[in-house]
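Order as written gives the chain letters A, B and C; numbering starts at 1 within each chain.
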Amino acid sequence: MSVAVAELATRSRVHYLNESYGIKSWLLTTDHKRIGLLYLVSITFMFFIAAVAALLIRIQLLEPNGAIVQPETYNRLFSIHGIIMVWFFLIPSIPAVLGNFLIPMMIGARDVAFPKLNLLSWYIYIIGAFFELYVVIYGGVDTGWTFYTPYSSTYANGHVFAAAAGIFIVGFSSIITGLNFIVTIHKMRAPGMTWFRLPLFIWAMYATSIILVLATPDLAMTLGLMAAERFLGVGIFNPALGGDPVLFQHLFWFYSHPAVYIMVLPAMGVVTELIAAYSRHRVYGYGFVAFSSFGIALLGFLVWGHHMFVSGQSVYAGMIFSALSFLVAIPSGIKVFNWTATLYKGSNSYDAPMLYALGFIGLFVIGGLTGLFLASLSTDVQVHDTYFVIAHFHYIMVGGAVTAYMGGLHYWWPKITGRLYPDKWARLAALIIFVGFNVTFFPQYVLGYMGMPRRYPIYPPQFQWLNVASSAGATILGIGYLIPFVYLIWSMRYGPEAGPNPWHVKGLEWQTPSPPPRENFEETPIVTEEAYAYPTRPRGSARV
Amino acid sequence: MKADAHIVPVKIYLGTFVALVVLALATTGIAYLNLGIWNTVIALVIAVTKALLVILFFMHAYYNKGLTRVVFSVAIIWLTILIVLSSTDVFTRSWTPVPRSWAPDIALHQSHK
Amino acid sequence: MSEAAIKQAGRPILEEHFADLPAQEEARKLGMWVFLVTEVLFFGGLFTGYTIYRELYFYGFEQGSHLIEVKWGAINTLVLIVSSFTMAVAIRTAQVGKRSFVTISLLLTTALLGVLFLFIKLYFEWFHDYKEGLFPGVHWDYHGPFAAHVQLFFVFYYFMTGLHAIHVIIGVGLMFALAYLTWRGRFSPRYYSPLEVAGLYWHFVDIVWIFLFPLLYLIGGRS
């Protein structure tokens, strides 16, 4: 079918993108699909700002005594990079973009439980983002994304209050999203959609929502207390006035550790969907994968002290947190085994989303294993606050979460836009990203182990070649991320029409046209089969 | 799921109200006795009882079995995790012997009881 | 008549995206319970800090507690208990279809009790403490032993009661809004979830105070 006829066919059908036009129809929408797209545009914008900060950091680190930026400025660069990437990109990424778009569709509902609250959550995100952009424009903040006291509350000179306000505000966006998802998943499933017929992405999002709801309010209070101390000059966390700075760290990490599971659980949910789809296989051990999401959510709340082993925290508490941190690796491991078993003897095809999913598994395993180094009290003393930690969390958050986000974006792109992207470019970009990522971050493990501290703008000369390699990798990675930006936008106008189910996979979201109508389904679906009900096929038969 | 249409009789509300007032007066009165550590224990027991009365009868948790109870139990459990696990740090720091020269700084943290 | 077509006070009672009315009412209540969980964790940070510092600095906290008056805290406790009772009964009157005048009176009584609570707190407590020089960061004039710890007590006292007061203000606003909607005929035995949901919120506000009162006002014996 020629492109023109395809456009005509898409145009003649009414769907969520063309059912109304104009800026008001987008800014006042309560359609979860449009809200997902509003988030997509917003977080992509914030991503680029934080990526520029990262670029400047890597340029500074090309030379051991590089003077691209002043040390003060360097502090502000890594702070704003962390703040924006964590709160304004990663945490909303899969939940607010893919979760908003897909959850109602996957459960056979017409929308989320509270569509107006959903729109409000996006506006709250935007207000928070404005505070943070104000901080970026007016000189930044230099406390690190962690805002440790008493530096942040008493001595820091940047825009601490505005930065904390932006994060406080955007936290409510997260809370509302989580609340909406919990109620939606409980109360709006289509007839026949029992809990154990749900796609595993829904289980992962439900577990994520529990974390969002339980952890985020604590962050709000922690930042509030820090701001009160700064504003009133009182001594909540200031030892000179009887306060305990480690208390701040307890309150901060009680949120921030579960926060990393907010970032990785949805990614695992996406990966499960991708593996099932591209191996045309039921997920091996559905129950294990479902419950491991809850295991991660629960255990993730019990381990926060592993960020504080060298802070002055008591050794006994340290031992408890270390033991619990080892435990939390188990449910993650369970998922990896289940993915591998699903792939085994599957009818595997290696389209771009599958490449991202496979990349996730490898990079997440490396990142996760290095987490165990950090969970052990003694090795952590050596590598705490070094590049080893930085490499560890970037493997999980970039090699893991961002990779899965890219995979999911590609996989569901035809559903969201009704268009197919060019697969060859997509696979090329996935490979470039994978190579660039490893060249950027693997050297950082070595650097950290050899003792290069984090958050320093200069380093001993013997570390230079690894830093140069890392910066070179960052360039490759940057190019890798720009390529999809180009072809995905291109595909919205020139890509071939996708049809309802271009990948020929199971799932309620694929039973409706692409792009979907406003109410998602012409009639409420009635679910009669298990999730991933692919036919089991004899060994050696060809892919459908 | 069926909507809960239970209508709670006024006398249950009245009974709960009276119990809450009695307990409020009790906790205030007991505070004027000098019972050492028991002041705190009794006050917390009374507070928890009052909270349960409000949750079960005013908020209908007694009548909405299942999900409602799971939800507020989760809140209590998580709050407990936050307080208890943070406390294990603060209150076991002194268990580890510290060098003699650090002793003056420790005095700041010791309370007079 | 199908549920989707029923209107009260000119607007449909069933929102489009819900399958039926029971689903909507259940969803709204669950939504409020989940919101209350977030509120527990929100106050939780304050309770954690309070617990740790009270244990570490018991003497200072005891002194601080003795500087605030039990009688106002006790009166406010009773005020909120009565308001929870009137709120519960207000919802019941809508459930059984009493005349809206009854529901409105009870809602307004709840609201006015909330206003009374705020007045007592702001005027008899906070304003009084401010004049005495017990307001950290703004007017602090206490020079007794362990003044730093007493100040820490007051920081938590104002933060916890202040945050609670903000929630009371929001609750009072909700009561007035609901009284207006009741007057417009929005609620009936068939549809009253906004009242229930606001009731849950108000009871939560009461519960927070139930804990704040002994923890802040009743530290140590006062014989």
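Rule of thumb we're sticking to: a residue touches a chain if its C-beta (ideal position, glycine included) is under 8 Å from a C-beta of that chain, and two chains touch if they have at least 3 such contacts.
A quick note: this is a predicted structure, and the numbers were derived from the prediction, not measured.
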{"item": "Category of the chain touch graph - line, ring, star, complete, other", "value": "complete"}
{"item": "Pair exhibiting more inter-chain C-beta contacts, B-C or A-B", "value": "B-C"}
{"item": "Whole-Å separation of chain centres (CA-atom averages), chain A against chain B", "value": "36"}
{"item": "Distance from chain C to chain B - Cα centre to Cα centre, in angstrom", "value": "17"}
{"item": "Chain A, residues touching no fewer than two other chains", "value": "186-187, 214, 218, 242, 244, 247, 250-251"}
{"item": "Sites on chain B at which at least two other chains make contact", "value": "1, 67, 74, 78, 82, 86, 90"}
{"item": "Chain C residues counted as touching two or more neighbouring chains", "value": "23, 26, 30, 34, 37, 41, 44-45, 48, 52, 56-57, 60, 149"}
{"item": "Touching residues (chain side chain A, partner chain C) in the complex", "value": "109-115, 175, 179-180, 182-183, 186-188, 213-218, 220-222, 224-225, 228, 231-236, 241-244, 247, 250-251, 524"}
{"item": "Of all residues in chain A, those that touch chain B in their complex", "value": "186-187, 210, 214, 218, 239, 242, 244, 246-247, 250-251, 254, 301-302, 304-305, 308, 312-317, 320"}
{"item": "Residues of chain B defined as touching chain A within the complex", "value": "1, 67, 74, 78, 81-82, 85-86, 88-90, 92-93, 95-96, 108"}
{"item": "Sites on chain C touched by chain B in the complex", "value": "21-23, 25-26, 29-30, 33-34, 36-37, 40-41, 44-45, 47-48, 51-52, 55-60, 70, 74, 77-78, 81-82, 84-85, 87-89, 92, 95-96, 146, 149, 199-200, 203-204, 206-207, 210-211, 213-215, 217-223"}
{"item": "Residues of chain B defined as touching chain C within the complex", "value": "1-3, 7-8, 10, 13-14, 16-17, 20-21, 24-25, 27-28, 31-36, 39-40, 43-44, 46-47, 50-51, 54-55, 57-59, 64, 67-68, 71-72, 74-76, 78-79, 82-83, 86-87, 90-91, 109, 111-113"}
